[in-house]
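Take this structure, written in structure tokens, and hold onto it; I'll ask about it next.
Chain lettering (A, B, C, D, E and F) follows the sequence in which the chains are written, and residue indices restart at 1 in each chain.
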């Protein structure tokens, strides 16, 4: 069975219930998540071997995060321990015209203070055929960026497919470097990139172009720039998100494999139960799809879009849906009827 | 006052809250419901005398079900006791593109092990003018099917109007018989049938025809087959459900009285608070309407459709709305404004 | 900084959770609110000095209401104490085709038994430039109406701008007087009135005209009647509410300043988290806007409409949004995206 | 089967959860209860026919109270409707050194405004062999006291056994009369009285004596005064409550039948889940015991004490225990072991 | 590292919150547990390799049970799938004089319908040095008893240490056999037995003797009977439980190793947060202690008693305490102070 | 009216409910507290003017803390803003033999990064007659210690009474200094010190003596050492805490005023609802008592002990009791009876 290793941060997520504002909350829902971990959960649910590598504090909060990893069937044997704290993010879930709001409290976390050399990547990646990272890790601290580069190089050296979700977060990147100073080297080693064209351009230091994703003629040209700059790139894809309101999204997707453009039909997503992690659900679907439907990029993309749509109906960071449920949605079975 | 007796199973319903998946739930909402009981609750709310007959275990869970019946003003004096357990169903409430999911755990229930002779129908039906059953009871076990037949025959003998909700559930019918082996005899005695044409055909062993409910010309022909096969049939009706998503339904209805076709205007139902039991709300509305608006089948149908729509806004299995609220909706008063 | 004083009743609000009906509730959410207090909260959130004057019972429930005022940064130093009880209202939150329902239990409250002379308005209004009241206070009792008149006269004497939200509630006005017997004198002193034309006509004893708010020609004529009857009137405005369902509202607004008609674009509000208090949010936005954008009535109206829209996404009686959030919405920033 | 009719007020009880103070509560647990109704629930649980007579408002809160009566198997057919509101009491549950606190909000309730003549007692009491009232009803208003007297006289005339729980509440009796002005006439007709000697003396206008309940010699003398003043008195009993803390009570009881003193062994009750209604549980146990163990006053008293002890472990106003559970406790079976 | 394999049933536990009675519950806390699984969780928490073998239905409820196993770090790789349902037990948590109550709904479960041959014990037990079972499995059905015998024989053949918790449950053993017909053969292969002397005698068909556990002289004689009947028996131990009330237990323990009697000091346990599973916590502590403190049976027993005491403070079926916490308690560190 | 200013950190407190362990929690109760703030709340409840000075981050979590201060009637006008985050502490509430556990996550908080010069103490302390700080502030960081020294010196210069709660926390003091390097200079300026003798000795660098607080002869000698080292010291007091278990504490107190020893009677505290902040409640009671009962140190001490006892019954960090409730307890009125 295929084995995917992801590297990143898992955080304690503290969310208000029932659309309450922060100042109204007498309790926060407590769960654990983070972009790269969320991808692992998706893959484990689809039946792949998934392992998550991170750094955790040696306290009860870190221990609770590990229990969540185990519950989700994500291997945690190569987690390293140390540092002061588990990163936290506070989430206030919006509705309608009021968007959701995230307050990060992740500085000084065990993962933010990770350093290269702390993980024995050769050992960790043994037997893996896929490595996944995202633009969040190099955004949290200089040393995390260095640790990420170390991991990417090790994976590249071992000939493992590397995917990256660009995941630009404007509230991060506070340590004195801009994405275009850090990301180009990291992206050199990527084979699959998820992110819209302008985010990719921005991270690579190219001027934005405001692409029209409906124009299938211009897209190959725009994407080709990425393929020019990143020698091993095989797949560039992006979620297309049209945000009607916090409770109503329209989700599509585009994929370019260096030759052809693939488009997925835009789907209505309303109401939104939980929007956070829906990009990770797309990424998880894409990694699964590219492996399982190797000669069928259209289906890989459709799988990613369907997974992303379904995620919006699931509370929490990660996508608790089965392979069968995603396939059922692609194949037209998501009728909204009660199964009984 | 009119008295309606219904026969069927009442179950413990264990539902996840706020669209959680089963594996996320640390608690299940606990309530009690079941198709035929739900009909009784509707009728009691509209002011009729309603009695529910079933078989319950002699334990605290069964006792809790009886307390719920009493609270809802449904007579429970002819419930019989015995057997091992109260049937259970688990409900995971979907949203948007993810449909709700029911896991049945009702085998070996006290009702599934009921046997004919356990209920003295002549005594039970004294003073009743209507008897209601559904296709669920004969679907759970051979002996329940036999007990149902006994009841239907007794009601028929006493000249009581008999209604049946066909209620086909693919996850039931596990005891070795198909609907078409069991239902035809039971339906012989029915005067009012709720169900779409193809379900009726299927249960009677006739090939499906995929009817067009907008085509008012073909419908009388298709319905007439039912009237041919069931000598006492007076009314055949069906809910028309167009499922946009788990959170958005469009509800209409059709009724045929052997002579004319009646159509109710399709109504938008969004969001869906709880979809389960909305068919029972239709049935309850129909039974009430056929009795109260005797010469006005259109209003009876409109009443059933409005009741069904309102049920989607009520949590739990049964329809907690008043006569006035349903009538207000038929008469155009459901404006969504705050009453104050 | 501007200081606004409002006078009215604050109540204990007991609401069912998750769209439950009253008879299903095993608990009521407990919060505190009331039309004029809600306006104060909006203003405090926007950075104005806001003070609320009312009469409270000397018990723990009254003390809890004061704690809520303090938390919301609304001055409570001139609250008077006495009487038997805090008014209560029960709220059942509807959904879709089922509207919300309010059961008032506010008779005999400390505010209902307030009498003129209990508040030293000259002292209270020192330093204030705005006084706000609503049509609810004169609707609860004869003595409250008299106390309201006393307050309005005092504010008028001091040359303070006076605003009134007409707030007609059919379930009130139970003490033997009709609005048209009481309101005309009170409205004499108002400079800003919120309410639709027909409510204003009704309260002033003029026959209803069923105005077309899209017809910008007829509106000045209709509004001028109000300006004729109320000598100091400067601004008359109304929320335009199109209620698609309890979960879907369309909100616009109209403002007339004696010369020109201003219209705000109608906005879609769906889903509705909590509809109660959205009119108060409009009022709060209007009071803020008229002060801050003094030569820009269009922006004042747009501010009021945006505030009203956002309120629908907030649980509880009052509008927990910041100045920046309302301005962001006016300026097109309410995209429903996650802020992170 | 014996039939007991009780007359009194049922209220909405709003309680803070988990020992929260009122000002901390974001929600109140909502249930329904009241002294005389609580007695009915006990009796229904023990298998007697119990009926509760009261006056309720015609709104959804009153309707919810009726649903609770039905659920508890207490007949509600002779409830009368009218008036403005259901009485409310707020409950803050103490712990250890902090006692529980009740805030009454029951003035102006439908029951407080009941008047004599509103209930047809001859019809209501048909078939009843026991009538129960308490000192709360005459404490709430003059007209309720008069309605109570009417009921007591009717019961007396019909030769029905009459019991009264003296239930002195210092926060009531606000309408201008003292207990000793009202209670003597009412108590004339009682056959069974529950209350400590000094409360009885106080209500009858006799000086307090601070009795020693361990002194079995002086007790008959003290009790005899009551028997002298109340011609039909058969049984006088009292709960003996030693309050170690809000979480730890010691419960005993004394009964005098005009001839002999009966004492029940004092039992430790810790922790206290809910202390409210434990006196009503005693009363319910006593009424049951006096009827079922007619020649065994010791067992009747033991039954009342055991019922009272068990009530302290039950959340809510009334005693949700079965006959078997109370008997099991008397017979030494309350070992605290898990039944499985 | 030592590896322990346990065999038994894991159930869905549905418990009322805050001491509510079943009929009061609007929700049930949902967790997963069962005697032998609970032992595994203890062992995993102490750092041993623990694996649980059972049979589960292939539905979402079974899948949720597996997620719980994983979260608790209990290996689930040899679980077999099939059958209809996951066993359920309902738990009503008592307080003070009211004991907790269990309603079993475990008949017809996947584990109850397990048959010998379904599990490849030779493979499962590879690498294990300890096998644990309990008297519950042979109590649920004939076929489960046979499957249990098969497992015990396989473990015996492989020379693995076998422990058994006698766990007599009077509400089980409903399939027509008595313990003394089934248990003697099963116990033949046991090396460690947990249970009081009279339960052991009863299961082996010997008359009860009502032993005095304080009398250290008579105990060896009474225990020796067990050693005579069971050839491989090395350790017999029992929890000593003195139940002051449902909220207050006193816990001690006795162990006999064929030569000497060991006694653990009795500890006060109050309040009881959750009593269920405290015997399993003792068993888990004993298995750990006997392995880790091989020449120190006193410490093994003390460890078991301390673990049992701590379990009473943990909600849910199993003992969520660390090795350090148990050792800290043995060594006198359980002072009740806040660790900060 | 007296005005007390306190300086310290307010944190977000995240606590598990109902004695759950961290890994069981799906939600954390969210409240705000901290030693010195808790003292302010006590004082505000007793009717003093209380102001809290701290440094908060400019985000929604900091804003929520300010709302809590306002609600509690604690002045917040001199709070300074800046830094990255609000400190957090996680609390797992123990029971019986399992103590509560605190996990601090307060490093890098806005208060930990406060620097001297950020607060204008001369302005802040204008009109104050009392300044309170605790040993926590100098324990969190070097710069906080310096800011604390600055404050203490300013208060001293203004002739304001200064109190200090020594509050030793072993999990703090991580920045490279020991208490005896930092505290002596800070304590120089204190007039009132709360803490046991050995903690005071330890912080002042004197060897521990393990005092016997029952021995009223040795205590003056031991306390005198403190008076020798701290020139302005007027009062040294300590809580006496005997911890039977996490749920049962015995609380007394000792006070020395340089001349006489005062002892308060030890009180039983069981059950414990929330133990955290009970020392702060003692401190608050002491500050109040020393001001209000100036010539009655015994009553001041009794007030502090009673306040401390009552705090154990209140959920959350601070003591929500009124002056009347504390006095009632001193005067013997805490009988555990229901007030109604």
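Note that a residue touches a chain if its C-beta (ideal position, glycine included) is under 8 Å from a C-beta of that chain, and two chains touch if they have at least 3 such contacts.
Only a predicted model underlies this, so the values are computations on that prediction, with no experimental measurement involved.
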When each of B-D, D-E or C-F is compared with D-F, the one sharing over half of the residue-numbered contact pairs turns out to be D-E
For copies chain A and chain B, the superposing rotation on Cα atoms, rounded to the nearest 5 degrees, equals 120
The distance between the C-alpha centres of chain B and chain E, rounded to whole Å, is 45
CA centroids of chain B and chain F: separation to the nearest Å works out as 63
Shared-interface residues of chain C (touching two or more other chains) are 17-18, 21, 23, 26, 67, 101, 271
Within the complex, chain E is touched by chain D residues 17-18, 267-273, 309-310, 312-316, 320-321, 325, 329, 334-340
Chain A partner, complex, touching residues on chain B are 18-21, 23-24, 89, 94-102, 104, 169-171, 243-249, 271, 275-276
In the complex, the residues of chain D that touch chain B are 67-68, 70-73
Chain A partner, complex, touching residues on chain F are 14, 17, 21-23, 25-31, 59-61, 63-64, 67, 84-86, 88, 90, 92, 101, 103, 105, 107-108
